[in-house]
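So that you can tell them apart, the chains are marked A, B, C and D in the order they are listed, and the count of residues begins at 1 in each.
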Amino acid sequence: MISSLESAPIDVLHWFLGLLGSFGVPAWILAIISALIIIGTIIGVFLSLFALTSVMERKILARVQNRYGPNRAGPFGLFQPIADGIKMITKEDLVPRTADWIVHFLAPVVMMVPALLVLAIIPYGRDMVPAELDAGILYFFAVGAGTEVAVFMAGWGSNNKYSVLGAMRAIAQMISYELPLVISAIVTAMISGSLSPSAIVSAQGGFAFGFVPQWFALTPWGFTAGLIFYICALAESNRSPFDLPEGESELVAGHLTEYSGFKYATFFMAEYVGMFAICGMFVTLFLGGWQAPLPFLDIIPSWCWFLGKVCFVAFTMIWVRATLPRLRIDHLLAFAWKFLLPMSFAAFLSAACWHYAGRGPLAWILSLAIVGIPYLLLGNAFTNRFSVSRRTYLFSE
Amino acid sequence: MVTDFLKTCCADPMKLIGEWFVILPALVLLLAAAAAVVMRNLIHAALLLTLSFIALGIVFIALGAEFVGFVQLLVYVGAVAMVIVFSILLTKPDQLTKSRNLLSGFAPAAGVAVAFTALAALLGFIFSSPLAKKPMPAPASAPVAAIGEALMGDYVIALIVLGILLTAALVGAAVIAMEDKP
Amino acid sequence: MTLQILLAISAILFAFGLAAALSRSNAIMIVIGIELMLGAANLNFIAFWRFSENPSDLAGILFVIFSIGVAAAEAAVGLAIIILVHRRIRSVEVDDASNLKG
Amino acid sequence: MSFLPSLESPQTIDVSLGPQHPSTHGVFRMNVTLDGETVTRLQPVFGYLHRNHEKIAEGNSWLAAMPYTDRLDYICPLTNNWAYALAVEKLAGIEVAERAEFIRVITAELTRLQNHVAFLGFVLGDMGAWGTALMYAFREREKILDLFESLTGARMMCNYMRFGGCRCDLPPGWLDTTRKLVDGFPKFLDEMEALLTGNEILLARLQGVAPMTADRAINGGMSGPVLRAAGVDYDIRKVDNYGIYNRFKFRVPRGTVGDCYDRFMIRVLEARESVGILKQAIAVIPEGPVVNPKAKQRGFRPPAGEAYGRIEGPKGELGFYLIADGSDKPYRFRIRPPSLINLTLLEELCVGTKIADVMVILGSIDIVLGEVDR
């Protein structure tokens, strides 16, 4: 029963393919059908997850902000995404007269494609990787680079000053945060000795003392790298407090200002799917992927664990969005280049020391020191630079 | 039976769609490159250049050099193309259409002529060379681990030099482009 | 498929790049042309590696990796220079940057 | 591609921020010249909400001008009412009923509380905190607006003050509710401060942005919290001692740097002082009539003359300059709106900052377009 749940999706696929095979369908058609089924499943799961999250995000934000949120469409407002979808599709699609219409039209498409493509290499469960690639992590970042082009195309193609400003911000931000993002991801690849996500997940298997999971996030270097990855993931997916390209209080809607109707919906969808993809990568690299947190919890199928963790990370992102004000562009860039980048190098060094010091108590002390000291120094220098201080005020009677 | 076939298909996509896996992206590559070269609008040229980079990356992947293909996408699409676009925006965004297309005088014609002479010569050599008529050998692949070991083994000096070069280029570019502060 | 086809594709790509670099007057277009030529060279390396007798010898691949790295450095420095020139003479046309002609 | 260059330099672009912009606090417009992200020139444009307020008041009777003052700074109608009533009382020499003086202080300080609280939320919204702080602020503001509703019948357009007093007495139980609210208010302010003032992003966004020296603030005609944030000790409640403010003990906070952070914090501190005044006033409010029985409301004809009545509104010095010619209408009706005059230094504050700062600076000045444009 347990094992059947664990591999249920794969079993169903194989059973279906076997059934088709028994009707004499040639093997190459079966291969295409199998690929289509897998693609359909992933897209279906993530789009329904997107629909669910778009309503959950609004509910959670509402909860944080002392209000109700959507509660009219369906029970608890659960049909809100459907209502939104119908509204988006039936809305007029406006293209500014002076816009570069080809670029304007292509931008949402270019945005959507990488967001969906990167889903291919994420290990969703035990033996459940749609495309097992040797260089999976490299693929993730290489394909993910396409979003930058899309954001730029959207901003420039609209021929709107806010949009162009948003596009410039987006490029500066994404280039800056790409570096610490990649470096902090490479740290895990270095420790597990492989660029393949499933190998990295299996390197985090097992339990120390029988109950402490050996996830990378629970080591000093992994914690640092994970935090850096998380922050950069927020920046890469344009989430608050790094939502400068959109920056609705400054740039109206940044690169999305001139988008309406279905094109806007496509952007919206792509941003959420991209967010899930990067959450999935975060879970894979640092939170043990599909592994259960405690040994006896193995009875729950691995793909449930994976989805659960992804949803949890996505929830924290929503939480951050509800809590923090937005950074300014110069703070943002200074933070990336002067704090995150050196810290990711420190995490890199720390991981190397951890590996060569034998992964024991000595390794803990060493790697903790290597990430801790730069953190204190850089953090001090950084807060001093902006002269952040408490003030005293004078009172006159 | 089915799963075995699936595995071979995934391992070598060439088997499924054959040479078209190389030819199609190569065609896209050439068309995009040609369009990028003749485009008047610089941003369009840069975007088409990005497209040709993507197509080139796919050609690499189709030829079995996965790792290089991904590196190509990551570096060229993610960084070089964006830096080009950014510098276009930073340098006279207002004059994009006014920009003269070609050099003045005979220079452009001469340039094109040189390019086509070079092309003719190259094509002549290529089609007369016996080496070039070699048939395709068995599918090859470059495992990431092997590349990593080569980079850290025989080629480690080159890698370090490259690292130093990139650092120097980064610092140099930052210094060059920095505002002259009075 | 033979090696010829790949080499011909690469040659055409190179010619496009060369034409752009030699005839366009905008410095950024020249950078674009140079990038295309580098891409053509990389394609050649990969093609020869693919058709070599001994594909486990990774020299072709590694050369491309290094070449991509160098190209990135070149693009960064080249565009920084273009921005600096633009700041000085308010133009990115190479014809205008002729102060040293005498 | 018509990426329109600015007329002055091809390197910069002109952006029209507003009037349809999400965070210009209404229909304010700024023509901004940007060099990259940095503001090199800023021209405020207003008048999109102009309603000819002063002329309308001159065409109506003295009393009929009262409801129009609600629409000036629609966040704080009661202080507007008071300023106008004060000017008329000065003009005609009307005594104000004792109980009414207390009610005026209580409502004015409640108005100040809800204005400052809403300000905290608006500034956070301008910084992109996506409404969370705003919703918390509005929770408290709603309670105060409920009090206004039960007192005057309207939440925002109160029309409550009359010459020589107020329109009606406090409803039964109103003081108890107010006392409860006032007692609970410091807790809310503590919560707000704990959530906001320690936040690194908020500190980095506010501290050091657009500092204003005391000299500049005085020369620019600033008033209210903006002036006091620049370090000038000037509070009309202390200077003029209008109403019965001399009977209450309260302190006037002053900033030292005059940047956005000081402007932000001064409001928090002022809200705390207002709580103190409210507690004192509620404790000693006397019984009695709420309006001077000798004061005439309808058909009111003050003797010819002129008067300038001013109060310390939540946003600064709100003054009404009135000229009477002995008829039943004001001959001249002139408003000194704090929001408009505090905007005079806007360009000076904004030039050299980033575009994201412009919104924060505008927010930290705390304007209401109903008052700016009149």
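FYI, a contact is a pair of C-beta atoms (placed from the backbone, for glycine too) under 8 Å apart; a residue touches a chain by one contact, two chains touch by 3 or more.
Note that the coordinates shown come from a computational prediction; the quantities given were computed from them, not determined experimentally.
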**Fill in**
Greatest number of touching C-beta pairs links chains B-C
**Geometric centre: closest chain by C-alpha means** = A
**Prompt:** Which integer distance in Å separates the CA centroid of subunit B from that of subunit C?
**Reply:** 8
**Asked** How many angstrom lie between the CA centroids of subunit C and subunit D, rounded to a whole number?
**Response** 62
**Prompt:** Where the centres are mean C-alpha positions, what is the separation of subunit A from subunit C, in Å?
**Reply:** 34
**Request:** List the centre-to-centre spacing of subunit B and subunit D in whole Å, with centres computed as mean CA coordinates.
**Result:** 61
**Fill in**
Multi-chain touching residues of subunit B, meaning two or more other chains, are 43, 67, 71-72, 79, 83, 86, 92-93
**Fill in**
For subunit C, residue numbers touching 2 or more other chains are 90
**Message:** Give me the residue numbers in subunit D that touch at least two other chains, ranges are fine.
**Reply:** 1, 3-4, 10, 13
**Asked** What does subunit A use to touch subunit B in their complex?
**Response** 14, 17-18, 21, 27-28, 30-31, 34, 100, 103, 131-135, 138-139, 141-146, 148-149, 152-153, 156, 164, 167-168, 171-172, 174-175, 178, 194-195
**Fill in**
subunit B contacts subunit A in the complex at 1-3, 5-6, 9-10, 16, 43-44, 47, 50, 54, 57, 66-67, 69-74, 77-79, 81-83, 85-86, 89, 93, 143-145
**Request:** In the complex, go through subunit A and note every residue touching subunit D.
**Result:** 61, 64-67, 98, 100, 159, 161-162, 164-165, 168-169, 240-241, 243-244, 247-252, 321-331, 383, 386-389, 391-397
**Request:** Using the touch definition up top, name the residues of subunit C that touch subunit B in the complex.
**Result:** 1-9, 11-26, 28-29, 31-33, 35-36, 39, 42-43, 46-47, 49-53, 55-56, 58, 61-62, 64-66, 68-77, 79-84, 86, 90-95
**Request:** State the interface residues of subunit B toward subunit C in the complex, per the touch definition above.
**Result:** 19, 22-23, 26, 29-30, 33-34, 36-37, 42, 45-46, 49, 52-53, 56, 59-60, 63-65, 67-68, 71-72, 75-76, 79-80, 83-84, 86-88, 90-92, 99-104, 107-112, 114-116, 118-119, 122-123, 126-127, 131-137, 140-142, 146-147, 150-151, 155, 158-159, 162, 165-166, 168-170, 172-174, 176-177
